[in-house]
Every structure is written in C-alpha cells, then in structure tokens.
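Take a look at the structures below.
Shared chain: chain A. Partners: chain B in the first complex, chain C in the second.
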Partner chain A sequence: MRKHIFALTALALAFSLRASAQSFLENSQVNGSFQTDAQYYMLDKGIDINDLKGKQLGINGFGKIGYTNGNFSAGMRFEAFLPEMNGFRSELNGVGLANFFASYNNDFIGVTVGDIYDQFGCGFVFRTYEEWSLGMDNALRGVRVVLRPTKGVTIKGLYGRQRFYWAPYLERDFSSDDYRGIVRGADAEWDLNQSIASMNESKFRMSIGGSFVSKKQYDQSLFYYIPENVGAAAGRVNLGYGNWAFSTEYAYKINDPSAINNFIYKEGRALMSSLSYSQKGFGAVLQVKRVDNMSFKSMYTGKQNDLDINFIPPINYTHTHSLPSMYTYSTQPNGEMAAQLQVNYTIPKGTALGGKYGTKLAFNMSQVNDIVRDSVQFGDQMALNTPGSLGYISKFFAISDHRFFRDINFEIDKKINKDWHLTAQYINLYYDIETIEGHAGAPAVKANIGFLDVTYKINKRQSLRLELQGLWENEVHKGYEVDESEKKDFQKRGDWAFALLEYSINPHWSFSIADKWNYGNPVEEYRDHYFTGTISYIHDATRIMLSAGRQSEGVVCVGGVCRTVPASSGVTLTVSTAF
Partner chain B sequence: MKRLTTLLLMALMVTGLYAQSKSELPNVTLKNLDGKDVNIAKLSNNGNPIVITFWATWCGPCIKEHNALNDVYQDWQDETGVKIYSVSIDDSRSTAKVKPVVEGKGWDFEILLDVNSDLKRAMNVSNPPHTFLIDGNGKIVYQHTGYIEGGEEDLYEEILKIAKKKK
Partner chain C sequence: MKKTSIITIMAALLIALVGCDKIDPDNTLKPVNPTGGGDVEGGNKTVLIKDFTGARCVNCPAAAETAHALQHQLGEDRVFVMSVHAGGLAQPAGQFPDFLTEEGTAWYNNHDSNPLFSVDNVSLTDGNTLYVDQIDAPVAAALTEEQSFEIEPTVAFDETSRDLTVNVSLVSLVQQSGQFNVTVCLVEDNIIGWQITPEGINREYVFRNVFRGTLNGANGEMVSDGDLAPQAELSCSCTGTLSPDFNADECYVLAYVSGANGKILQTAMKKVK
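Then we have the complex of A and B:
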C-alpha cells in the first residue's frame, strides 16, 4: 500500500512539475543501461568438475539510471550478485544500491557528491574506476571539487572512503576486518598551449601536472606500528613537437607497511616515460617503467586488488584472441622494470605489397624483469623483505636477471579484396607462471603462438569467419615428466590448438562454434577438449548472447588487473541494453 | 532509505516519460590527440550528422569497425557531410599508443581520449564498439553496440535518413 502512495506522490510531483516548469522538464533527460550475466553450472567429469560446491547458478547484474538537466546530472547503479558467478570474489554476494552521485558542472567549477571515479595523471597515486568484467569497483564515496580558474588550468580536490564490496560506509567495524581509512587528494594541471595565447597554435606543446594523495588509516596491528597517515606525491610533464610526443611521470610514497609488501617500512617509487613518433601511415612508441614498492591501498591489510587507491599501468601488448590471451601479464606492484616498443605501419595503397587497400603491419615487443634488491644491512645480515625492517635497498636503474615476462609479436592485417580479409599474428612468449600466478616451482612458459583470422563476405548481409590458433611450448609438452604431487600446477600447460567458425547475418545474428584442445598437456588426464557454441543477437543497443559448453581455467585481465576463472561447464547468458 | 530510493527512482522514471525522448550529448570534457580540451556537449558539425564511436586499441571488433569505416569515410563525407569522432577508452596503460596506432593504421577520424571512462559512463556504454549517431540539432537519434561485418552499411542508412531531412 505504502509503495502505491509513494508512486502516486511521485506521479503527482511529476505532473505538478510539468505544469509549473515546462522548460525545466524539456531539458530533462533520462538515460541508463542494464546488464545481466548468468551462468548455469553442470557437473562434468571429463574436466574434473565432480562437485558444484552448492552453486548451480551464478548471476551478476546491474541496472544504471542517469538524469541530466543542463549543467546538473545525477545517477545511480543498482547491483545484484545472487550469488556471484564463479571466479568473482565471494564478498560481492549481495544486492543493493552500489553507487549514486549528483554533480553540477559549469566552465568554472564542478562539484560532485557521492561515488566518484577519477584519475590523477597516469594513476600512479590515484585512480578510482569500475570494471564490470572483473567485479572491480574502488569508487570513492565523498566529495570532489574541480576548478578551472583560467583556460588550461584545472585544479581538483577530493576526499572520501572507498567502496569495499558491500561493507557499510557509515559504521567502522574493526571486528569485521574493515579497517578502511579515508582518502584525500589534490591535483593540478597546467596546459601551457591553452593558457598562453601566443602558444595556442604552436607546434610545441607542453603541459605539466602534480598530485598529492594521503590516506588516514587506523592502526589495528598487534605486531607493527602502522603509520596512520601515508602520503604519496607525483609530478608529470607532457611535451610535444610536431609529430613527436614525450611524457613522463614520477611518483613517491612514504613508508607504508602492508600485507602486500610483507610489512616492510620502505618508501615506494614509480617512474614511467613514453616517447612516440607518428605520421600518416606510421607510428612508433617506446615506453619504459620502473615500479618499486608502490602498492597503495586505503586498508593496510587489503588483499589482491581490494581498496587500491592507485593504478600501475602495465606496458605490454593486450592480446584478445583466445590462446594468445591465455598467459596475460599482471602488474607486480612490489617491483618491476619494464620496457615496450610498438611500431605500426601501413604499406600504402597502390604499391606492390600494399595492393588496393594497403597492408597494415604491427610489431610489438615488451619485457618485464624484477628490480634488484640488496640487504639493508652491511654484510647481508638482514634477510631481504624482513617484516618490520626497511625491507631492502634497490638501485634505481639496476635490472634483475629474474625475468617475469616477455612478448615479441608481429601482426599483419590485410584486406585482400571486397570479400576476403585476413589477420595473422606470430607471438613469442616468456611467462614466469610461478611469480605471476603463484604456481610454486612450476617451470616458466616459453611458447610460440600463432593465429590466423580469416573473414569471408558471402554477400552484403552474410559473412563467415574462421580462426585457427596454436600454442606450442618449447619445453613443457607431451613426455615432460610431472610428479604426482605437482600435477595441479600443470592444468593448462603444454600445447594447445584452437578453431572457431562464426557465421554472421548483419545486423542481428551471429552463430559460432569453437573447440580449444589441450592436446599436448604433459599430464594425460588434462588433455581435454573445450567445446563451446554461441548464439548472439544484437538489436541497436541491445545484445543477447547465449553460449553453452566448457570454459577452461584461465585469467581474465583488464589493464593488468586480473581475476582467475576456474574451469566450468554449463550455459552462459548475457543480456545488455542501453537507452 | 529504501523508500527514498524507490521514490527517487519513480520520480526519475516519470520525469523521464515527459523528458524529451531523444537525449543530447553529456557535458563531459575530453582531450584530443593534441592535448586540447573538447567539450562533448558543444560538438557541432554545421548542422550535419555526427557519429561518435567508442573503441580501444585492445578491442578486435573495434579495429575491424574502424578499418571498415575508414574505407568509406571519404565517400560518406562527400555525400552527407558526416563527421566521425572516435573515442578511445584506453586507460593510461595504452594512451601513449593511441596516436601511433591511429596514424599507423591511417585513420582519418577525429580522435578523443576518454582515459578514465568518463564519457563511456555518461553515455552508458558497457562494451566497445558502441556507436552513436547525432543529428544536426545535437540529439542522439541512433545507437548500436557490437560490430558485425557489413554493419557500417546500416549505420550509413541511418545517416542518410537524417542527412536528407536537412535538404
């Protein structure tokens, strides 16, 4: 009954508003989006799923509604994990209003209250964002003010507490391990080209920026003295001249003992620089990065990606095809030295190699090694990383022999004629699975990977696409000796083959079947087929996808932030729409 | 709290019924490849249609869609005056790569950088590629998610519908 009264009140309110403020309503706009991902799990002895652990069904869903009227906007997002799908954190289990905000923005000032997503520079000291496919949301609930005093100058200030799954914001409940602190930050950016009139059209471009972020946390530790205020600062410069661009950012964080760094009292540092050159048909970028003890969370006991205040961008190629993306690098916040070179080139149209449409080539190489750590005491008396100590000493430019990751790949993308299009890529991969995925003692993955992706246009409406992929490990394959005790660490190892055939009818339908086969696993019982069939229907901004079959154990990563997906068998349904 | 939420939701929905069905572009400022600020709400193309398409360097179907659009872009411009804004949702791990990739692939679109997904959120984009068509009055008249081979033809039909109206 009460609900009806409220509905009626709302209606009456709307009508009265309509009568009294026609123009206000004419400027009102409502938009939103909705998505549900559901998985129905089945037993499958073939891939060792003998027990569903009480979970037959997993559903992740959200609905979002936004309202704008001129400079004013507001919105909210409702989420339901009933329960969460396999591979998502169990803390997500629940339902409720996860996010809401109201915001006013004009050319001079912007004020937002509620859940805030923002980023300072590249994110070294502050970034809050939401990534549905990872179940990741570290929104800051609080207040943000943005000032633009003159053209080209932006000053931001914000404070609040971060989202921690469904933990309430108002009460602080230390008994439930919720030690979340408060996050405060400020950032300023000055774009010289926009603010200095004589530089408006200059070929030389320059902007500088700086940020400071601090957390106020509560020391609940019985063993360590935990600093209750931890500050971090960063400075950045972006330069450009004609076709050249250079950008760099450096960050420093004071001692911040935490579960992630094994409670050491060392300061943190990070540096990233990029140099690029681009002109029509050619582009190249070189990036280098150094990260040392830069995990920054608003709760010192936080695990994995919980309550991250900052974001350390990985610099390596993001693969999207099934086998190449099987071993995706995930950022090591405790220390890494990384470099990447990428070159894109289009062989021009009308040349012998370019043909009628041009030929697109891409080369990428990236490598990540560990930093060098030395004992904090003369004569190596103190073991590295001893909790409660300064941890280690690290020379800034020294690179450890311990390699985490290397990826060298070459891609060719060619439209042959009106009907045929092909993409092919070769990848040489080194992946330290022990460090990245925690399979202790397992040998690194050294593999050659290749794929061919061919599209054939049958006619204006219909097309066929075929994907063939192979992954060949140099050392670990059929015949490699695996001890009974370490079998579990070899679940997806060895050689793989993959094939996919997709038939699409534009604009709505797409049907595909695929098989992924671990034919060269050193452990015989893991040499399984992973068949899947998928039907997808798209209508404007609505997408419905139904797939059935097996999913292999794997890692889903977005931006170097990863979650592991256990092997499963069953049916998956995704429905999403926007309006 | 719950009741307040219900009330708020209903009020919003009812308001929405009376609000104009065709929404306008949100007041979000992004940077272009030269680092200049571009306010999305103020985009204009002399009354001609605008296409806004979301993509990322790591999104396969997006690259396909962009290559296909680039092949026909010159013809489309000649016939309808349409302008394509291509919004990269690459975050800081790959922002530095956007320009080399765009130039290396020879695309002619106006590129905007949505580094922390502000516009993506404001326009309710869940997964790229996601394409919007905006008419000469700045109203969103059509949107489409995903890319299927030949999908650009359907977009062009929608563009023709509003480009004709102008004459």
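Then we have the complex of A and C:
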C-alpha cells in the first residue's frame, strides 16, 4: 500500500512539475538583436591616408538577449570591439558581457538590479543611455526601485556606479585613472489627471515632477578642495489644454569643479521650456533653453563623452541627408542660450497646391548663442574662469553676441502621383566650427545647402531614388587664402556636391552608388571625391549591407552628443538581425 | 501604502541631506603640503613649469590659468611658469602673434598638441609631456626634492645698445658628480595680442611669461663634468641683445641648472631692469 502511495505521489509531483514547467515555458518570451559592423581599411593617397597605423580591420559587434515571463524580465548585452573601428574610443577595445539586468514589476513596485537605463524629466540631472553609433554607454550598475503608491504617482530611487568602458566596478584605488563616483538619485512624478477622478476626462492636463541626484566621489586633488558630494535638483511642470501643450524644467547643481569647467566653483543652472500647438494638418513648437555650467560627470577629471550623469537635450533640427548633416550642432554644457521654432503644415488634399495627396510643408529655425560671463573677485584681482575661483557671474537672460549655431530651413514633401514622390529642402546654416569642433582660428561655416530627393516607383516591386545635394559656403571656397600651417583646419571646408542613385527591389534588395565631392575646398589637395557603392539585403528582421569606397572626415551626432569620424577608405560590412 | 510613501520621502530627504558639499569659494585651495611626505612649504627648491602653448590653441588660456593658479598658490618665488609657444597651433598666421623660437621648437620635440606641460623637464626628457590636470603632483613632488644647487643670476642691461650680460653663479650644496649645464632663458611678460579662447578671438589677450629664446642654446652650456664637493662654486656668463620689439620693462631672465639627463635641478629669475 505504502509503495502505491509513493508511486502516486511521485506521479502527481512529476505531472505537477511538468505542468508548472510547461506553464512557465508558455509564459516565457525571449527576444534579441545582434549587430556586427566591420570596416576593412585601405591606404588611399588620394585622401591623404598614407598610413593605417597598424589597423587594417575594425569590428564592433553586440548581441542582446531579453527574457520576459509575466512580471519578471531579464536581459544581457555582449559586446566585442576587436579592435574598435576608427573614430571610436580606444578604451572600447575588448570583449565581454557589458550589460545585464533582472527586473520585477507589478502595479505597485518595480525593482531592477544590474545595469539601469533611465531618465528623470528631460535629463538635466539624470539620464543613462546607450548609443551604439557613438560607442557610448553610461549605464548605471546598481539597484533601482520604482513605487506606484497610488494611481498617477511614480516614485523612483536608484543607486549605482556608471559604466566606464571595461573598467571594473569595484574601486579599491581612489587614485586610479578609472575611479569614478557613486551616483544616487530619486525622482517623483504626479500625473494629476490620473490621480484626481474629476480630472480624468478633463481637457486640462497637468503633471508635475521633481528629481534629486547626487554623486559621491572622493577628493583626489592635491590642490583644490573638491566637493565629495555634488547634488543636482530639478523641477518640472507639464500642462496641456486642448491642442496646446506647455512643459518646462529647471535644474540647479551646486559647485562641481571639474576638468570640463576648468575647476571653477560656480553653481550650475539650466532651464528649458516648450510650447506647442497641434491640430490636423498643422503643428508648431517653440522651445527655449538656457544652460550654464551644467556638465555633471561621475568623474570630475573626465573630459570625454563618457560618465555623463545628465544629458542636455539639443533643440535643433536633426538632418538626415549627407550634406545637411555634415555640420551638426554639439551641445555646449558650459553654457548656451538656444531657441527653436518648428512649424509643420499640410496643404489639404484636393486643393490647387495640395493636389490629390496633400503637400507637407515644414519650417524650422534654431539658434544657439553663448551666455554672458563677467569677471569675479579672486584673491586681490578680478578673474574670469580662473581655476579655484567662482569662475564668473552670468545674468540669467543675457545673451552673448558669440553665436555658436543657426539653422534656418524650409522643407517641402510632396507625393505627386502614385509613382513619383519628392522631398526638397533649403537650409541656411551658421556653424562656429572653432567652438564646436575645435578648429582653432578657422572662420565659421556660413553656408546655403539644398537637396532634392526624388523617388520613382517603376512598378510594385522596383523603385529608383535620386538624391542631389549641394552645399555652398559664403566665405570659404576656391580662392580663399589658407595659410600652410592652417590647412588641416580646412579639410572639409568650402563647397560640396553630392549625388546618390538607389535602385530597390522590394522587399529584399537595394543597390546604390554615391559621390560626395568637395569641389570648392580652398585647399586644392582636399578637393576630393568620396565615391561609395552599397548593396543591402533585407530578409525579415535581418539586414546585410556591404559598402565600399571612401568616407569623408566628419562628426556623428546623436542627441547633441558627437564623435569625430576620421576620413577612411575601404570596405564596410554591417549585419544585423533581431528576433 | 502610506508607510511606503513616508519611507520613500524620508529616504529621498536623507539623500538630499547627505548629497551636497558646498565649498566656500574663498577657500578652495588646499594648504600646501599635498604629498603628505616631504615639506612643500619649507626649503628653497624651485620648480620650472614649461607650458607648451599656442595663440591659436583654444584650450591654452585656461590651461595657462591653471598653471598660474598653481604658481600663485605655491609661491611665485618657488614655482616659475614659462610659456613656450611651439607646435602647430603656435605657427604664425594672420594677426596671431609669432612667439616661435628655435629652442622652444627643439624642446617641444615634435609633439602633436597643445597645451602640454613639462615640470623641471622631467616629462619632456621621458618622451612624454603632461596635460594641465596632471602637473600638480609632479610640481608638489619636485618641491619636496632635496635642493642640490644654489643658483643666482645677475643681469647687466645697457639701455642704449640693449646689450644684455648675464652672469650665473652656482654653489653645489651636496656631493654630486656628472655633467651639469646652465641654460639662460629670456622671458617677456604681459604681451598684448590675438589669442583664440572658447569665447572666440580675444584681440587683447595678455600673454604671460612668454619665452623669447635662450642666451646660450636649447641645452645651455656645460659648467661642470666631474665630481662636485659640497660648497663647490661654479659660474658662467653669456651675452645677447634685446630685440627692439621686446619691452625691457617686462623682460626677465630665468636661469636653470640641469643634469646630464636634462632634468632641471634649480631655477632662479632676475628682472632685466
């Protein structure tokens, strides 16, 4: 009898475990993505690449796996830079598990351990993110707790240390080059429309939020008293009524002397406001921003695009075409005053100008100037931005005459008939290349840029696309005298022309040839052609792209954060897939 | 639920309370004994910082400020800063001033950026140079070294002919041997000219402590090549003519003695007038 009982119990247990395992597996979801970018470099005397400096091949790759089962999720990202491609920081060179996390979330609480990506408000005091094209990852390895005590209220707290390439997270030597501080922060947001029953359906929408973030880094300086705890706080309000929306955020940071701000002890401030209106066929956004001494890093000696705790959002139009995106603005955390106006209007279908499909028009203007700085007393003399001093005083609404950037552009996007589609844009650009890219003494880029992007649908599967672009500088072009010693600062200056022809066979194949020609460079030896030929194949979520040719020197910017891309010649292969 | 919220708010307040260290802006500099070892404030060992800079180098003014702040803090009689214009960003162009010198170019030794620094020539002779945020520790360490020489330049300047004669007297303070050279540098302070800054071109920038050349070559002249007993006396003399472009009122001489490896052992300054 006892034997039977054991047998039955064992059988029941086996069935129960199997059912549980089956249920567990049925609820599981796994997703992932993989990408490999490889560049094979070749000598090319035509664009002055006479030495590969020992690097014939650069490969950047990652694999990301995510797992979800009900309220539980986990993930990891494996990275390999063997070695890193040109233009990426050499500290990336290596291979390993760069990122992992496990998270549990229900209606009341969410807990994450591992590498955390998050943002408080617009990012003025905290944002961690990963941007593959920049080789940037400032994830916070630690713990995050999210509480939702009542409907519409979210409270977050987090604590950890940021990723610094492949440097270890456990610090024992505070004087080591990769020592960085601990970051801790809290954020609360209250959505009144969700919390208050009478406002649930209201046309008036309101939410408020506040954040506080602090870094703890030991003072390693021999000469300056470095604050070991640097705090930054921000408050924000989002309002909406009908088609109108307004949001604003103000941030304040206490003294934070660092290599970026030249070890001054001034507090930091930032303000950004945005007013928008939208209705069918029309939308307009006006944004203003002021930033003063707001670089916030977990390593006060850091100077590169790494270990940023916060993020200064750019308020500029993001160009995607080749020549317009050559001069992309990089935000200046030490100080800037910016404004942007964007208006979109669609001329309705069935009108004389709208035609059968309507016509989309867009206007954008953005400008960024420096802030005004006045000297402060330091010892027995007046000083401006002197290390160890308060640095400067700056009137909040005063705008410096020093203009960093201005972009005025107008775009028309028109589907002419079922076969033809065209987009055209004109851009008037001012770009202070000296401040933004560090080309000392080089005159600002004042240019007119235009492009025409035409697509012709041959049949249901095949299409042709033609891009014609031109960039004409007002001052620096053929005939502009460049001193021999300044030549390098003029490598991409002067007039450019660009043409691209792309033939696509949907849904798999695409072939393109392009040439970018710096025909108006003031330095004759830089009047180069940058030919490229590209083949790409897409199958479901898999994309394989092979291109060969030259790449011009430039900058790649995402969200106002930029990296320099050196000129190169060779073959590039990109393989990406997702499931 | 309420408890959770209260705990969260308390935790946030706690973070806020421990999260800020406000430094008094009038008291940002630490007392001078940073190495914790030797005595920086005592002794008479001096240090020479060479600031390799350029008028078209946007980051150079700030770096120079840092070096001068260090000098100000540690004592202008103990730390000397000499701005050596060298490298691509110091090449004369347009209205930017030409402060290039043969000796400065030789010292710069084909490095490829500005601003770079050397402390008592140590980094320079190692084939490296220092960034501005790396000079504080070497300066502190150099100040705590044992002083091996006393050096005293005397200057005779004829205002009519603008001829300059510099006599340098040295006393060995320890038993030592090897080759020792003396280099005499001419430096001009407070020159107004064009300089790139983060705010754009400053057309009235004040260039401090600009190296104008040596009176006896990039490596100076040898004053001893053998054993030196304590209190052994050495001397050398060199002459030159002050360019009419230089403001004699702002000129001074920096004389230093260096060992066979180029490391500067002691530096002293003397005004031309």
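The working rule: the second predicted complex is superposed on the first by the 549 of 579 C-alpha atoms of A that agree within 3 Å, B and C clash if a C-alpha of one lies under 4 Å from a C-alpha of the other, contacts with A are read in each partner's own complex, and residues count from 1 in each chain.
In the analysis below, a contact is a pair of C-beta atoms (placed from the backbone, for glycine too) under 8 Å apart; a residue touches a chain by one contact, two chains touch by 3 or more.
Small disclaimer: the values here were computed from a predicted structure and weren't measured.
Engineer: Once chain A of both complexes is superposed, is A:Lys297 in touch with chain B (first), chain C (second), both, or neither?
Structural biologist: neither
Engineer: With the two structures laid over each other on chain A, which partner does A:Tyr225 touch: chain B (first), chain C (second), both, or neither?
Structural biologist: In the superposition, A:Tyr225 contacts chain C only.
Engineer: For A:Asp483, using the defined touch cut-off, is the partner it touches chain B, chain C, both, or neither? Pick first, second, both or neither.
Structural biologist: Touch status of A:Asp483: second partner only.
Engineer: Tell me which partner touches more residues of chain A in the superposed arrangement, chain B or chain C.
Structural biologist: B
Engineer: Pick one for A:Arg141: touches chain B only (first), chain C only (second), both, or neither.
Structural biologist: Neither partner.
Engineer: Which partner chains sit in contact with A:Gln194 here, chain B, chain C, both or neither? Use first/second/both/neither.
Structural biologist: A:Gln194 contacts chain B only, not chain C.
Engineer: Touching A:Ser276, do we find chain B (first), chain C (second), both, or neither?
Structural biologist: First partner only, chain B.
Engineer: Give the list of chain C residues in touch with chain A in this complex.
Structural biologist: 1, 4-5, 8, 11-12, 15-16, 18-23, 25, 27-30, 34-35, 54, 56-58, 62, 65-66, 69-70, 72-73, 88-89, 91-94, 96, 133, 136-137, 140, 196, 198-201
Engineer: Which part of chain B faces chain A closely enough to touch in the complex?
Structural biologist: 3, 5-20, 23-24, 26-27, 34-37, 57-60, 63, 67, 71, 91-97, 99-106, 115-118, 121-127, 130, 142-146, 148-151, 153-154
Engineer: What residues of chain A sit close enough to touch chain C in their complex?
Structural biologist: 147, 149-150, 155, 157, 184-186, 188, 212-214, 221-231, 233, 254-255, 257, 259, 262-263, 265, 301, 334, 370, 373, 379, 383, 385-390, 400, 402, 434-435, 438, 440-441, 483, 485-486, 488
Engineer: Contact residues on chain A for chain B in the complex?
Structural biologist: Counting only chain A, the residues touching chain B are 2-3, 6-7, 9-11, 13-14, 17-18, 25-26, 28-33, 35, 64-68, 70-71, 73, 76, 97, 105, 117-119, 121-123, 127, 129-130, 132, 191, 193-194, 205, 207, 238, 240, 245, 247, 274, 276-285, 287, 311, 313-315, 318, 320-321, 342-346, 357-358, 360, 362, 413, 415, 455, 457, 460-461, 463, 465, 504-507, 510, 536, 538, 540-543, 559-560, 576, 578-579.
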